[in-house]
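Pasting a structure below so you can have a look.
So that you can tell them apart, the chains are marked A, B and C in the order they are listed, and the count of residues begins at 1 in each.
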C-alpha cells in the first residue's frame, strides 16, 4: 500500500479551561490515501467539522486547544508556523465550507476572490490569472463566466456562491480537498447539480477528498470509504461496501436503518432514541452508551478499542467484539 | 451611482429646510422675546425698540420666517451689531481656520486610532488590547477642554515647545501653531476610533468569509487588512462621520483655549457680546456643517459598500 | 435524498427555544445592579467612586472647609497647603470648597437632565412606535435629524440661542439627550408590540393607555435605564463644557467647568484649579460610564464582549 497522503494520529480538540476541558474531538486517528475519497458521517455535534478545521489549524486557538499529529506529505501540520501553513492552505489542501451565503467576502468581486487563491500560490501574471479564473468558473459550471467574474457575491444564489467557493478550493489543483457539508445549505435540486459537478471535478483532477456529511446517500455515491463519528469519537471506519453490507457498530446499524429505502415497505422510519450528548457530559466509557440498544456494564467504564473485522473494516464496540469472538 | 447622489441631494433639501426651521424656532420663538434674550435684562425700552426694528422683529412671525429663509438661502446673515461688518465676511474669514483644524485633527485621529484598534483586535485579551481599551475609556471620559488646558500648560507654558496662542501666519507657522490644538482633538478621536475599529474588526474577523480567506492561504496580515479592515470600513465610516462632527464641536472649546480664530470662537464671542446676527449665523453654519458632513459620509458609504453601489 | 435522521438537530432546536425563553425572562433591573456591583473589580471601584461623588455633593455644606464664594484679597493664587488643600484662585477663593460645591452642580445636572430627557424621549418614542403612520414619520424625521448632531454641539447651539440660566441648561441638556431616548424607545416599542401578549391585549379590547403603561413601558425599561446611566456621565461632561465656554453655569456659582475656565485665565499664576477640575471630571465621568457599561452588559448579554 502506498504511503498515506494525510495521517491523523490521536487528534484531540477541546474548549474550556485546563481544569474543566470540554472535549469535542477525542483521540481521532485515521488516514487518507492519495486520490482516495472518504466520507465522514455523523450527526450535528459529532466533531466531524472540528476535525476537518483542525487539520488546517482553522480552529481559533485559544479558545480551542488542539493536540495530536496531523501528517500531510510527511510534515506535521500542527507543528507548522503560520507562514508555513499559508503555503499549504489553498495550495496543497483546498477547503469547501458549509455556508455559501457567508463564506464569501461581500466587498470583493468573485473574480478577485478566486484570483487571490491563485495569486498567493503562483507567479502568474494578472492576465494569465484571469484566464485561469475564467477556466475555473467554467469548470464549476458557472454560466456566462465573462460577465459573472466581476460581480459581487450578493448578486448570486446559494448554489452559485457554493460553485465559487469550490472554484477557490480547486484553484491550485490541491492534493486534498476537504468539503465540510458542501451541499447541506442548498436546495435539494441544486444539491444534486453541485454534487454531480464535484464528481466531474474529481474525475478530472484526481484529488483526494474528505467529504463531511450527515447524508449517507451522498457518501454511497461519492466515497470509497466511510468514517462514522459520534460525540467526538470515531466509532467505525470501513470501506463503503463492507459498511453498507455489514455495519459492525450499533450506531452505524441505527443510522443505516433510519435511511429511507424505496425497495422495502416501511411504515415508520427507524429512529435512534435520544440525542447526541452535549460535549463534556460523558466523561468515560462509550459515548453512545445512553442510546445504545445493546449496551453492557463494561461500556460505562471503558471506551472500547478499535477492533478489526476484515482488512478494511474497524469498529469500536464491546458488544460486537464479544458477539464475534 | 449618479442617480443615487441626485436622490441623496434631493433628500437633503427637506433636511436643510427642517434645520433652518428649527434654528428659527430656537432663535425667535422659544426665548419668548428674542430682543430681551439678545440684549439682556439690563437693556432699556429704547434699546429694545431699536433692536426690534433693526432685526425686523416687529413683523408678523410668518413674514419673519419667510425673510429668514430667504436670507439664509442667499447666505445673507446681516451685519454684526458690534463692529458693523457683514456677518458673511466674518464667516468667510473664520471658516478656513475651523475647517483646517477639523481636517488635521481627524486625519491625525485616523492615523493613530485605526492602527490602535487593529492592534487591540488582533491581540484580543492580551496586554496590548487592555492598554488600548483603557486608553479609549479614558479618552471618552476626559473633557477636551481639560486635555487642551493640560497640554497648553505643559508644552507651551512649562516647556515652551509650542506657541501659547494664535493661528500663525503662512503655511509652516500655521502648521506649527496647529500641532498642539489638533493633537488635543486627535488624541480624543483616536480613542474613540480605536475602540470602534476594535469592535468592528472583531465582529468582521469572526465571520465565515475570513475563514475562507485563511483556508485560501492568505497570511494573517492579509486577512486582517485586505479582508477584515476592508469590511470593517462599513461600520467605521459611520463612526468617522460622527467623529468629524464631534471634532467640530470640540473645536469650539479648542479655539477658545488656544485663542485661535474660527467659527466656534466667533460664536462664543458673539454670545458674550450679545451680537445677535452673528449668533444666528454661527448656529446656522454649524447646523449646515452637520448636514454637509452627513451627506458626504453617505456618499463615502456608497463608495465603500459595493452592494449599495451596484443597486443604484 | 437519503437523509440520516437527525435527532441531534431536533434536540438543539428545543434547546434554542429554551434559551429564548430564558432570555425572555430577563433579569430585573435590581438583579442587574446587584450582579454588576459584585462582579468585576473595575465596577466595584467605579461604584465606590460614584458613591463618594454623591455623598460629597449631598453633604457639600458640611464637607467644604470654606464658603466657595467668599473672596479674600490677602489669599490669592495660593499653592496647596494645610489650610487650602488645592490652593486658592485669583479671587482668593478656596479651590477645594469650590470643587466640593461644584459636585452639587454636576450631580443635579447629571440626575435631572437624563430623567427629563428619558420622560420626553420615551413619550415621543413610544408614541411614534405604537401609533406608527404619519405621527411616526414626523417624529422619526426630527429625531433622525437631531441625532445627526453630536449632543455637545446641539447643547452649544441651543445654549447659544437660549442663554445660560439654571433652567435653560436643564432644557439644553434635556433637548440634547431626548433624541437618543426617543430612538431607543421607538425601536423597543416596535419589538414589544409584536409580542403575543400585547397583541392579545389589543384583541381583548384593553384600552390603549393601559396597554402602553402596563405592557409596553415595563418591557422597554431596560435599555432606557442603560441609556440613562450613560447619559448621566455625558450630561456631567456637557454641562462642564458649557460652563467652561461661559454659556453654562454662570459665575460666581461654582461648576467644575467654570473652575477650569477661571483657572485657564489665571494659568500663569497657578495651575492647581485646572488640574483638580479636569481630573475630577475625568474620574467621575469614567466611573459612571464604567458603571453604565456594566449595567448594559448585565441587562443585555448579547452586546457583552
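Everything below uses one rule, namely that a residue touches a chain if its C-beta (ideal position, glycine included) is under 8 Å from a C-beta of that chain, and two chains touch if they have at least 3 such contacts.
The structure displayed is predicted, hence computed values, not measured ones.
In terms of the distance between Cα centroids, chain B is separated most widely from A.
Chain pairs A-B and B-C differ in how many C-beta pairs they share in contact, with the greater number at B-C. Chain A and chain B have Cα centroids lying 53 Å from one another.
Once the centre of each chain is set as its mean CA position, chain B and chain C turn out to be 22 Å apart. Residue positions of chain B touching 2 or more other chains: none.
Only residues 141-142, 145, 148-150, 152-153, 156-163, 233, 237, 240-241, 244-247, 257, 260, 263-264, 267-268, 271, 274-275, 277-278, 281-283, 285-286, 289-290, 305 of chain C touch chain B when the two sit together in their complex.
Listing the residues of chain B that touch chain C in their complex gives 15, 18-19, 22-23, 26-27, 30-31, 37, 137-138, 140-147, 149-150, 152-153, 157, 199, 202, 242, 245-246, 248-250, 252-253, 256-257, 267-268, 271-272, 279, 282-283, 286-287, 290-291, 294.
Those residues of chain B lying in contact with chain A across their complex are 207-209, 211-220, 227, 230-231, 234, 304-307, 310. Partner chain B is touched in their complex by these residues of chain A: 56, 58, 82-83, 85-91, 94-95, 97, 99, 102-109, 113, 116-117, 120-121, 152, 154-155, 165, 168-169, 171.
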